[in-house]
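Mind looking over this structure? Questions follow.
As written, the chain order gives the labels A, B, C, D and E, with residue 1 at the start of each chain.
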Amino acid sequence: MIQVKNLKKSFGINEVLKDINVTVKPQEVVVVIGPSGSGKSTFLRCINMLETITGGHVYVEGIDITDKKTDINKVRTEVGMVFQQFNLFPHKKVIENIMLAPMKVRKVSAEVARAKGLELLRKVGLVDKAEAFPDSLSGGQKQRVAIARALAMEPNIMLFDEPTSALDPEMVGEVLEVMKQLAKEGMTMVVVTHEMGFAKEVGDRVLFMDGGLIVEENIPKELFDNPKEERTKAFLSKVL
Amino acid sequence: MDFRWDIIAEYAPFFLKGTLLTIGLSVASILIGTVLGLFIGLGKMMRNKLYALPFKWYINFFRGTPLMVQILLVHFAVVPSFLGTTNAIFAAIVALSLNSAAYVAEIFRAGIQSIDRGQMEAARSLGMTHGQAMRNVILPQAFKRMIPPLGNEFIVLIKDSSLAALIAAPELMYWGRAMQGQYMRPWEPYLTAAVIYLVLTLSLSFLLNRLERRLATE
Amino acid sequence: GTSKTNGDGEKKTLRVVTDAAYAPLEYQDKGEIVGFDIDFIKAVAKEAGYKIKVEHVGWDPIFVEIKGKTADAAISSITIDSKRQQTYDFSIPYFLSKNEILVPKGSSIKSTKDLEGKKIAVQNGTTGQEVVEKLFGENNDKLKKFENNNLAILELKKGGVDAVVADNTVIETYVKNNPNDNLDFIEDDATFNKEFYGILLPKGSKLKAELDKAVNKVLDNGTYEKLYEKWFKTKPDIKILKDQQK
Amino acid sequence: MDFRWDIIAEYAPFFLKGTLLTIGLSVASILIGTVLGLFIGLGKMMRNKLYALPFKWYINFFRGTPLMVQILLVHFAVVPSFLGTTNAIFAAIVALSLNSAAYVAEIFRAGIQSIDRGQMEAARSLGMTHGQAMRNVILPQAFKRMIPPLGNEFIVLIKDSSLAALIAAPELMYWGRAMQGQYMRPWEPYLTAAVIYLVLTLSLSFLLNRLERRLATE
Amino acid sequence: MIQVKNLKKSFGINEVLKDINVTVKPQEVVVVIGPSGSGKSTFLRCINMLETITGGHVYVEGIDITDKKTDINKVRTEVGMVFQQFNLFPHKKVIENIMLAPMKVRKVSAEVARAKGLELLRKVGLVDKAEAFPDSLSGGQKQRVAIARALAMEPNIMLFDEPTSALDPEMVGEVLEVMKQLAKEGMTMVVVTHEMGFAKEVGDRVLFMDGGLIVEENIPKELFDNPKEERTKAFLSKVL
């Protein structure tokens, strides 16, 4: 599904990703953890080409997205992304947020897009907010709309970058619930998160990143209970 | 001090005519300046530095030199070499429009740059092209943010249009100076002009404040 | 005031103000104030036994300074008229002037009557403006008032107006000095009254008697004629000035 | 078009003199305007609305009317009624200072309001009085933020000082107009003046950019 | 130590605190929890008079701080406050941040203030950062400096408003450690936090606030394990 080979990324002289090699299989849920600044966000953004890659290759469903000939907009429709800061379009209603990309990119008609949008809103439990503007929603509601918006493009892979860390604690649950549901339906997911409970419950695999490298990877139970690397141990002792 | 209300009353019709022209000049210039400014702003934001250069220097020139120089150049040098004759009102509109276009271009750029990077990234990650994202996501938000500074530029234009008096465009300030020339008294004409300008600019900024509050609560 | 008297009874230095934007009577030649008026006031001061310092302050400030007695005298092609005489004193007339019309060569305008319906530029606050307004109505649409004659003439050159009305000396000098501009001047003694310039003084100034005597000396001893020829290349009509004193 | 370089060369010394006066006027006015502006800004921020009113109207007047009106009023009406005489350079400095004070007052207010509320709260929660918190915590931070907009106001003053030509203060624009009067040609004097203004404003904004970057990394 | 009687606070027509009655005994550690917008911050800010109280009384060490004659600056020196956003003074070095209030308010000499400041920095483990500017510190370090700064005024009571919620997860521990140490030394503390572990370990009492009221209060174990009120149950089920 996703194959990352020798991925390198520098900002100027600052090498943020040093040599990342990961394969994500279909329907797999991969959780990425690691200290701040370790390159987790940059890693996700490289998969979606929001950052220009400095070295190595990323294959999404077999297509090399670092290849100049690849239509990156085409690839992006296959990969949904959910951001920490939601990034809803504040000038559009909830339903319009969801309808916009299908209509503009897939040239779907307004009726079809709206029907699909309402269906997705039902799925995330917000069908009554369809005509509201994002500003009137709580953080948890915003993030659920953002997930619905990404799903509207019917992606095969979903990337989540700390989807719950900008939320008040009592809203974390409702967002994680939607994500668990997605995982259960077989969505391939890469999730950067600090929610260890979610990682244990839903994750097929956990990657621990530090200093631009994947220091350790394992199934959640093993990694949390028996970390092999010193750095993993140190990090987990602080966080758990 | 004896303040001669009678001569103000005598000049009232001229002040009225002048005020109308002042408003006309400002409205025409903000409209033309906005359209022109959008193009120049887009030009300056082009990724190719070489193509962007002329737009950058356009902005530098019009923001870096006094409007008085610009008005005199346009009226006595530029317009005659195109039209073969001078035309004060035309020259005033041209100079004020060119000048405000430079400021509008910067307002436009600032408006676009004020939109959170995450908006463009969200749009792109949904598969939209740069152009689609601009049109559907960035520009609508940027335009809304441009309204207050554009309103401010309009206020600036009302005041700046007073320089058209130097080329004898019969706007408000021109009549103030004409009155001063006739009676050789400074207080009456200039205070009258100042009060009218104040009424114009304060009313406009009052309207703008209301508009801004409307937009904020929307 | 700004003038001062030395201890040993030597005459003080007079502060004379002017608006040096009126060639060739008073203007700035690259920073130096020169012109007929300047030469003339120097000659008069010498006769009267004064030193002078000429300062360019602009047109309106002249009246403020003289009224407030912060300057001793002003020379700036100031027309003697009864309205001004209510507030100020003038020396005896030292210069004859009248308005003239400046037009492009070959213009259909041959006299003031032809100005009807034509666009005219004047300097704001001058007698030229007054004449035109008297003929065609105050603040009429065809009249453009500029801040100075320079801008008015430039407007004519660039085709924005059909004529400029200003003092004969200004217009004739411009026509003579700029033959390539193809401009012509039109006299119309029937409409344009004779005007006389005087030295502007504060009301009740003690200088008036001394200066009047000195002006007459300059008129009589040939200095005036010499200066006039230097600046205008023609002979002055001294008799008309003398007659005016009666 | 024949462009007469010779007359520009001839006027070069006057342009130089004029440029120096332009710089002098702007420097004097930004200094006086800043000091005055701080007081007016403080006045407008007074909690008692009634006391604050005159300061508010001071700002309204000077920001709401054209500088041309202000310069003419100061030169022909205000200064003579104090000094009994006119003085172009003095009047220009007075008018420009009064005008820039209104803008500085707003810069000052914006600077203070841009400081996060938490700063005042932290200081007060440590037991500092409002005055102590202002002096030790708020103002030092606000002043640093005021530097870029103050620099910008300085640039505006350089351009605005061209209006002093109208009252015969022999600054840059005055000599441009004098040259135009002597040769009756518009291009040479006004373009020369424009270029000099451009050099002044661009150099200043270059210096300001460097200063801003310095401050940002500090 | 602190007595809050019938405390009411409105912003315009919005009554944020409805009728709060609390007594905090010396050396007690009181933890306040509750959903977003329930009035937790407002409650703390009223104790420190950062908000003007609309009704009721607050006594700090017996002094009625709502009394107009009370010198509120005097009272504030008895009550230290730590904010979610740290609110360090960015234009002053770490040590100067700590020295400022003692010098200006208590008129302590620079030498004495510096000695005291270094001692406090040692306590929070940041003596090597004394000459650094706040911007160069991590979030956890900033919050520890903020605590040291509050302690420099030698307050008898410390108020904490979500001191760890702006921190990256791996930095939460170091701040909680400092707070635990303080509690151990016998400091009277009121702490708004979502860190249930801290509440259980250190808290003498937990208040659950909702809708401007204290809905339930109890010792931590009881409140977390056997909440009596429906609202408490609902909240805890989301957060734990």
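We adopt the following convention: contacts are C-beta pairs under 8 Å (C-beta built on N, C-alpha and C of every residue); 3 or more make two chains touch, one makes a residue touch a chain.
What you see is a predicted model, and the numbers here were worked out from it, not measured in a lab.
Participant: Using the touch definition from the top, how many steps at minimum link chain C to chain E?
Facilitator: The fewest touching-chain steps linking chain C to chain E number 2.
Participant: Using the contact definition given at the top, which chains are in touch with both chain A and chain C?
Facilitator: B
Participant: Just the chain pair, please, that has the highest number of C-beta contacts.
Facilitator: Contact tally peaks for the chain pair B-D.
Participant: Nearest whole angstrom, what separates the Cα centre of chain B from the Cα centre of chain C?
Facilitator: Once rounded, the distance between the two centres reads 40 Å.
Participant: Averaging over Cα atoms per chain, report the distance between chain B and chain E in Å.
Facilitator: Computed from C-alpha means, the inter-chain centre distance equals 52 Å.
Participant: Mind checking the centre-to-centre distance between chain D and chain E? Centres are C-alpha means, answer in whole Å.
Facilitator: Whole-Å distance between the two chain centres: 46.
Participant: Which chain D residues reach two or more other chains?
Facilitator: Residues 76, 180, 186 of chain D touch two or more partner chains.
Participant: Listing for chain A: what residues touch at least two other chains?
Facilitator: Expected reply: no residues.
Participant: Which parts of chain C, given as residue numbers and ranges, touch two or more other chains?
Facilitator: If we look for residues of chain C contacting two or more partner chains, we find 60, 147, 154, 158.
Participant: Considering every pair of chains, which are in touch?
Facilitator: Every pair of chains in contact is listed here: A-B, A-E, B-C, B-D, C-D, D-E.
Participant: For the complex, give me every residue of chain E touching chain A.
Facilitator: Going by the criterion above, the answer is residues 35-36, 168-174, 194, 235, 238-239.
Participant: Which positions of chain B touch chain C when the two form their complex?
Facilitator: 14, 76, 80, 84-88, 166-168, 174-175, 177-178, 180-182, 184, 186
Participant: Name, in rising order, each residue of chain D that touches chain B in their complex.
Facilitator: So the residues of chain D in touch with chain B come to 1, 60-61, 63-70, 72-73, 76-77, 81, 155, 159-160, 162-163, 165, 173, 176, 180, 186-187, 190-191, 193-194, 197-198, 201-202, 205.
Participant: Over in the complex, which chain C residues touch chain D? Could you list them?
Facilitator: 19, 21, 23, 27-31, 56-58, 60-61, 64-65, 68-71, 147-148, 150, 153-154, 157-158, 178, 181
Participant: Would you mind writing out the residues of chain B in touch with chain A in their complex?
Facilitator: 116, 118-119, 121-129, 132, 136-137, 140-141, 144
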